[in-house]
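When the chains are written out, they are named A, B, C, D and E in that same order, and each has its own residue count from 1.
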Amino acid sequence: MNFTAVSIAMAPEHLLLAGIVTLLILEIASDKAKAALPIAVVFVAAASAAAAWLGFTGWTGAPFPGQFDLAPPASFTKAIVLALAVPVLLASKDDFGKGEFYPLVLSSLYGVCLLASAESFLTLFLGIELMSIPVYVLVLMGFRRPESAEAALKYLVLSGTASASFLMGASLMYGSTGSLALESFALALGSPRLLAGTAVVMVVSAFFLKAAIVPFHGWAPDAYEAASVPSTAYMAVLVKAGVLVAAARVFGKAPVAEPLAGLLAILPLVSIVWGNIAAMRQAGLRRMIAYSSIAHAGYLFFAFLGDGPGRFQAVVFYLATYGVMNILAFTALPSHPEDVERDRLENLKGLFRTHPFAALLIGMAMLSLAGIPPFPGFVGKFLIFKNVMAAGYTTYAVLGLVGSYLGIYFYLRVIQYMFMTPEAVSGGHAPSRGVAMGASLICLAGSILIAVLPGTFLARL
Amino acid sequence: MDKVMMLQVLAASLFALGLTGVIIRRNVLVMLMCMELMLNGVNLSLATFAHTMGSAVGAVLVFLIFVVAAAEIAIAIPIVLLLVRRKRTLDIESYSDLKG
Amino acid sequence: MADATVLSLVLYLPLAGMLAIAAIPAGRDGAVRAFTLAVMVVQFLLSLVLYAHFDPAAPGLQAATRLPWIPAWGVSYIIGLDGYNILLVILTTFLGPLVTAGAFSAVTKEVKLFYAMVFLIQFAMLGTFVAQDLFLFYLFWEAMLIPMFLIIGIWGGERRIYATIKFFLYTAFGSILMLAAVIYLVWSLWSTAGITSFAFADLYKARLPLETQKWLLAAFALSFAIKVPMVPFHTWLPDAHVEAPTAGSVILAGVLLKMGTYGFMKLGFPLFPDATRLAAPMLAMLSVLSIVYGACLALVQTDIKKIIAYSSISHLGYVMLGLVSLDLLGIQGAIMQMVSHGLVAGGLFLMVGMIYERCHTRELAAYGGLAKVLPVYSVFFLILTLASVGLPTTSGFTGEFLVLLGAFNAAWKPAAVTIPVWVAGVAVTGVVLGALYMLWFAQRFLFGAERVPHGPVADLNLREKSILVILVAAVFWLGLFPDSAMKRTELAAREYQELVAAPRTPAATKLTGTLPAEAAR
Amino acid sequence: MTDFLAHLDTLLLWAFAGCAFVSAALMLVLRQPMRVAIALVSCMVFLGGVYGLLGLHFIAAFQVLIYVGAVMVFMVYAIMLLDPRDESGGEKFSKLLWPGIIGLSLLAEALAVGYWSDLPPAPRGAAGEPFDMIRFSQAFLSEYWLHFELTSVLLLAAVVAALAVIKENRRHDHG
Amino acid sequence: MGLLTLIVVLPLLGFVVNGLLGNRLGKGFVSAVGCGLPAIAFAAAVKCFLDLKGAGWAPIAETAYVWTMVGQDSFEIAFWFDRLTAVMALIVTGVGTLIHVYSTGYMHEDKSYARYFAYLNLFLFFMLLLVLGKSLLVLFVGWEGVGLASYLLIGFWFGDMEKAAAGKKAFIVNRIGDAGFLLGMFVIYSAVGTLDMPHINKAFTSGAAPAVSASLVGILLFIGATGKSAQIPLYVWLPDAMAGPTPVSALIHAATMVTAGVYLVARMSGIYLNAPEASTVIAAVGALTALMAATIALAQDDIKKVLAYSTVSQLGFMFVALGVGAYGVAVFHVYTHAFFKACLFLGAGSVIHAMSGEQDIKKMGGLAKKIPVTFFTFALATAAIAGIPPLSGFFSKDEILWYALASGRGGSWLLLGVMAFTALLTAFYMFRLLWLTFFGKPRMIKEVEHHIHESPPSMTGVLVILAILSAVGGFLSIPHFLEPLVALPAVRPGMDAFHYFVVGGSIAIALAGLVGAAYFFGGDAARAAKVKASFAGAYRVLNNKYYVDELYDRFINRPLLWVSEAVFLKLGDRLLIDGTLNGLASVAQRTAGRLSRVQTGSLHKYAFMVLVGMVASLVWMWRNG
């Protein structure tokens, strides 16, 4: 075991860990540490840069054979995910100027990075937990509304159930293949044995639960709504990204055969329809985004129907487009002293007149999430459905696309509120804030980049 | 029924019982304990397989699960404290304000 | 090569204009208007260069730019002119300045955003026409929805939200199915011919089994038929038109609807020729149904804009009939009808906007005897009305006449497609119905006792007059001397005809030819 | 005698398993949280016994140390702290009692069918040679030290998280 | 620019100049342009005629430009000048010019003087296009164009809704005919591959157009002709068209445009010669129209309405001639009719002018002495239309009656009988008109009577010229002149003997009409009143024009509106299409509500859903595994 190899390969993780430690020291040293945000941003950005650098240099290797390895796609995934975290952190300035928010986010990101490199169920399990545990707390942090704790508990219990289910599946897999390496899942996929099938279902159920696929989605709307805006953004984007990256790692390049394919098509399809329809009548932005993210989880799992080799690429690309737009929407959202008021869609009415730039950005984000070209969301969706169709699941692909159509309405409703309806009476939006606007601009730049040059992105993944 | 089978069935039963407990019990703390029960089921399953296959990795995972379970409980209990402060009850059904 | 630059310039000028508008400080609406008009005029002049340099005899793309874009998927960036799109490009750039100028006094709120959206939609529409790669086409095709959605939704009338959402959802539904078909098409091209490409030229090579063609055609056709719109997918149009601001209506009627027919001509039919030929009788019937249905509905409307909206449905029925006929005359007529409808319906909507600015109602019953009060207005209105009716010497006649002639040719003579003679016959009744509703409209509007809501109004001002003079000149130009325009489209019409007429199912003989030999071994 | 001992092994195993099962089942029906906790503890202890009988002594030890010693003690404290406040006392079960039970049986059955139809592989190593503490430790520190490290990161995160919750608690007190 | 093109373009120039600049440059200028250009066109037409003659009657062809080329098919704007064209072009430019001149007097007081002349010139332009066109396409352009001009001129005083409505009606009814014309044109094109009329005639006569039946084409084209030439069932617009200024009625709705249908059939005689069925239909429709219009004319009191129905009736005569293959004779009647009917209308205009706009003949009477020039010319023209020899109407009508009996292409005693009876009615109602207007006691109110005056020379001069032409025009035998182009039909065997019988009969009929009218309407017209009283029911039917307008309204117009409104709009658009869509939308909304209700906030329920999901997934795996 080469120590240099380890420190190079795990550079992003190490940087994050260093960030956590620095933040903790800072926390201990002084009570009102204003430097927390910049420090966190610097470390995450550095980690992202490190991951990108690893990717560009094409660093490949397994410093911990069978546990942790690294190849450019994984490096780029880390780079993208960490880059997405930067605007989230920036957007949190008003909500969490100081405190434990940053170390928690950094540790959760550590988990996400781990997932991108995990080679065994052990690492994967630790990654998932490391990613999730801080999030339970993020949900209730700030404690802006009394229901936060309730949501955190719901999330915790169901997430715990997911972990149990995941472990049960891993155990059965261990029993049927004798190993806890990720390849055993591929073996189980190919195996006709019922035990292997059961194992696969348990693992997939766990992913469904974590990614909020109907009917495992119960926690998501509540948790999203109760959390403060940056936390919701973090959950909707980075946690989801972590789960899906983990799933993509687990599935690897193994082809998906019929009984499982049905499962991977039907439940996501139900999620798409369910999420898109339920979102129609939501009065709160975050709850609406929650349902939207349920639908998006559906699209993402569709990617698993596709060809093995293209799967990881499709998932990560979709996550990037989806994430950048979701964060854009959240960062552009004007702040409001009352958290509940900030959330209410009604209060977005006439936003274009008061905050034109914010309204334009949110509008863009909505259209992109709806998958309307030429926004990057479309390219992501296109890639997924292209793969599904190429794998021969034409009917599923068509149904999925039709399901995605159902989602257009509620995204349009947001735009309608912002642009076409007279200003809400209550008003009270705070003016756009510099840091959050900066975050929006980062997202905007990212999305334009993805929209104009999707090819370069795809070539790296 | 040989013992491995029996233990696996027991593990599955514990897992199922735990999940059911989460569904049917109203007391938050009992629900948390039922979660632990599920993890115990998993542990049993892993340990049994580790035993039958004589490989260490299962046992390592069991060990990790211990740690994680402890960590989860360490966070869950304060959250429950927060909850109880508000409504002074452990009945989870009282905590369904978020809906729709 | 120089032309390619000009084309790119024409295409991206609106986009640049949109970004530049953002830089104009708020409140300087006059500057925004002048700037937009200037850019639009420059764009039109540049496009005239393209028109002049367009070589009618050269096959293939002209002024083309080809760049790789997403090589992994076979997506490339190809734009270029050909006979299919040259007139539509000119139409779009031609209407641009007119729309801009026409909205000067109508749009007073959010002026910056408005002109930004006009620029954006101009960009998207041009892009749709010049794109020669299916992926690019689809991007532009959908992108067009957004500015239109906002234009109707922000500057529209009373029920604008309903109308604009209806518009968006209606069109998006078709697009979703088309997207599925696009993906399937490209995939099957790859799996049968081993080509991964979205370029139109490559897609024409795809040999698909008839069954597949049927499904794909259905998906494409639904999308295009909604955009055209063909009965029974038309109900978004009246609502959208009525609620849209004048500029929106003009763009909608002038250019946007043509995207549907263009789509049929460039993609829908040539990509799936065998299915098209099979479906031709049904499509012809639907076209004729549109002609008659639209006309009948126009007859009973009480809202001025709705009358013109339904008339659009009727007129685009002719375009579809011409395209389906697969007769050279009919195809050429269809192209002319597209352009003509753009001018005429666009002009009529502009004029309705002008009167609406003065009288603030679109209720036909509120008006009467305008010819006395607004003589100049009335003359222009009457000219456009008659052009809409398809009176000879106007562009409307050129299109309608050639389409009907083509349809009859196709019905009467043995041809690649069969159109029942009665269908062609019924199409001619559209001529009568068209006169019925348009003249009924003009009569109630212009003639009779004077009834002018909101008091004495001024006749057209110089700006409005200039807009209309230009439009009417174009209408007569195409009516009297259509040849220079039609020369440029003839090659494309012929190509379209050949593409659709030739069978393109997979060659079954190859399989049966090799199998027995293998069996013998 | 050795026969008997071997049989005693099996017998004990079955007994422990049965007791663990009964304790687990009791958890669902006992009303008082404290009693549920005790049932869980006993279940864990019985499982610890099972592990011991399987030769996984260190797991048995951890089971007792971490679970019973740490987790459950924490839990019991919590119960003692909170339980008196739980005046509701009313319903023990949620409205989903019967659906839950049906679900339970179905899930158990679904899992069990997996085992039945598809027996787990026979023990590979000789029956008398389960790995011992030393081998486990070696493996742990050589192959799995990454996980050891990661666990420490996780615990760090958990500590921060718990601290954060407690801070919220405190903030709640003040605000 | 060739001479033919010049003929066509001159009036267009007048239209453009008067239309754009007329209001600014004053009436003198407008009159000069408005009358001068048609006069030059007339001169050019005469020159062409001389050229034609000089070239030994070989047709002159001239291509202005290529409208468009599609593939091999070229659509040219080309002109053609042969004997038939010559007759028509001379009538159109000649009579047209006269009426322009007349109008300078008649419309002098009108505010929209320039607009009027612009429209009139526009009409001439299109009419000349129609007449001179070489291909059906050009003819059709003119055909539609004259409809437009007619529409504009009928609705000239658009402030009055009824007049505007009359214009609209004319246009739409014409359009129905045009649809038939278009169909015919398309069928011809599909069969022959060209719209060039000489080609088409040749193709049909040589039998080179086998793909299509000549009768079908013939009937389709004839539908177009019924529209323009006011034949059953499309004649209803013409009486209403009298809403326009009277010179317009004279020019468009009597002398030129309405004869376009006759011209078309004569021009396409190549088709009709091979289409006996179509010819029969034409003859039958013509006869019926003639009879029906004549009966209606009996009971009309509006001076222009009587003339309008008489025009319809006379057009019926022409179609009978066409139907029996006597194309030259039909054109002959067109020619004579142009003179006397123009004279009548312009005379009526003069009367109306004198009567300060009054058109009801019941309120006239005794005008003969007060406006003598008008009276004499009017009387002469009446005699001509009634068929009193040797006035022009006698010759042409007599020829028609003769061929109605004797033509080898469908002549019969029945046809003769109907036509003779119609001729009797014609004489009767025309003299009735004359009597009621000019003789007897004045019945107008005092004030009007006080204002009665003869028209200015610009009007009376034209009347005189036209009266002279209607008197002597018949001596020019047009059928003979056209013989080389369109041969007269062979006479049925054994019919020659009846020629003099027909001639004598027609003279007798004319005189009988005269006498009858004098008998009934002489003095205080008491006898007529008695007859009217005893046939009150029949009179009412006739006075209301057989209720045809009402029938059309009931059976065509209203059902169309009903279908559009109730079926298409309410059932189709709103209920079926939008109803379905709105229904789906509300289903989605309701589903959204129901899905929200699933999200109760109860953790138990969420967990239960997880359990259900797991079990279902497991079961799914087995079932398919």
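The definition used in the following text is that a contact is a pair of C-beta atoms (placed from the backbone, for glycine too) under 8 Å apart; a residue touches a chain by one contact, two chains touch by 3 or more.
The shown structure was predicted, so the numbers you read here are calculated from the model rather than taken from an experiment.
Colleague: What chains, if any, are shared contacts of chain B and chain E?
Modeller: A, D
Colleague: Starting from the defined contact criterion, work out which chains touch chain C and chain E both, please.
Modeller: Correct list: A.
Colleague: Pick the pair with more C-beta contacts: A-C or D-E?
Modeller: Per the contact counts, A-C leads.
Colleague: Would you identify the chain whose C-alpha centroid lies closest to the centroid of all protein C-alpha atoms displayed?
Modeller: C
Colleague: Where the centre means the average of the CA atoms, what chain is farthest from chain E?
Modeller: Between chain E and the rest, the longest centre separation is with D.
Colleague: Where the CA atoms of chain B average out and where those of chain C average out, how many Å apart are those spots?
Modeller: 63
Colleague: Using the average of all C-alpha atoms in each chain as its centre, how far is it in Å between chain B and chain D?
Modeller: Spacing between the chain centres: roughly 7 Å.
Colleague: From the mean C-alpha coordinate of chain A to that of chain B, what's the distance rounded to whole Å?
Modeller: 26
Colleague: Would you mind pulling out the distance in Å between where the CA atoms of chain A average out and where those of chain E do?
Modeller: Here chain A and chain E have centroids separated by 77 Å.
Colleague: Where in chain B do residues touch two or more of the other chains?
Modeller: 8, 15, 18-20, 22-24, 26, 31-32, 49-50, 52-53, 55, 57, 60, 64, 68, 71-72, 75, 79-80, 82, 92-93, 95-100
Colleague: Multi-chain contacts only, two chains or more: what residues does chain D have there?
Modeller: 94, 96, 99-100, 103-104, 107, 110-111, 113, 115, 120-121, 124, 143-144, 147, 151, 154, 158, 161-162, 165, 168, 172
Colleague: At which residue positions does chain E touch at least two other chains?
Modeller: Expected reply: 596, 599, 601-605, 607-608, 610-612, 614, 618, 622.
Colleague: Can you work out from the touch definition every pair of chains that touches here?
Modeller: Contact pairs between chains: A-B, A-C, A-D, A-E, B-D, B-E, C-E, D-E.
Colleague: Please output the residues of chain C touching chain A within their complex, sorted ascending.
Modeller: On the chain C side, the touching residues are 68-73, 75, 110, 113, 138-143, 145-146, 149-150, 153-154, 160-161, 164-165, 168-169, 172-173, 176-177, 179-180, 183-184, 186-187, 190.
Colleague: Please give the residue numbers of chain E that touch chain C in the complex, ascending.
Modeller: 65-71, 73, 137, 140-141, 144-145, 148, 151, 155, 158-161, 164-165, 167-168, 171-172, 175-176, 178-179, 182-183, 185-187, 189-191, 211-212, 560-561, 563-565, 568-569, 572-573, 576-578, 581
Colleague: Residues of chain C touching chain E in their complex?
Modeller: For this pair, the touching residues of chain C are 166, 170, 232, 234-235, 293, 296-297, 299-300, 328-329, 332, 369, 371-372, 386, 391-393, 397-398, 401-402, 404-405, 407-409, 411-413, 424-425, 428-429, 431-432, 435-436, 439-440, 443, 446-450, 480-483, 486-487, 490, 494.
Colleague: Show me the residue ranges of chain A that touch chain D in the complex, using the header's touch definition.
Modeller: Contacts found on chain A: 17, 20, 24, 64, 67-68, 99-100, 103-104, 107-108, 110, 114, 122-123, 126, 129-130, 133-134, 136-137, 140-141, 143, 168, 172, 175-176, 178, 193-199.
Colleague: For a test of understanding, state which residues of chain D touch chain B in their complex under the given definition.
Modeller: Residue positions touching the partner: 10, 13-14, 17, 20-21, 24-25, 27-28, 33, 36-37, 40, 43-44, 47, 50-51, 54-56, 58-59, 62-63, 66-67, 70-71, 74-75, 78-79, 81-83, 85-88, 90-94, 96-97, 99-101, 103-104, 107-108, 111-112, 115-116, 119-125, 129-131, 135-136, 139-140, 143-144, 147, 151, 154-155, 158-159, 161-162, 165-166, 168-169, 172.
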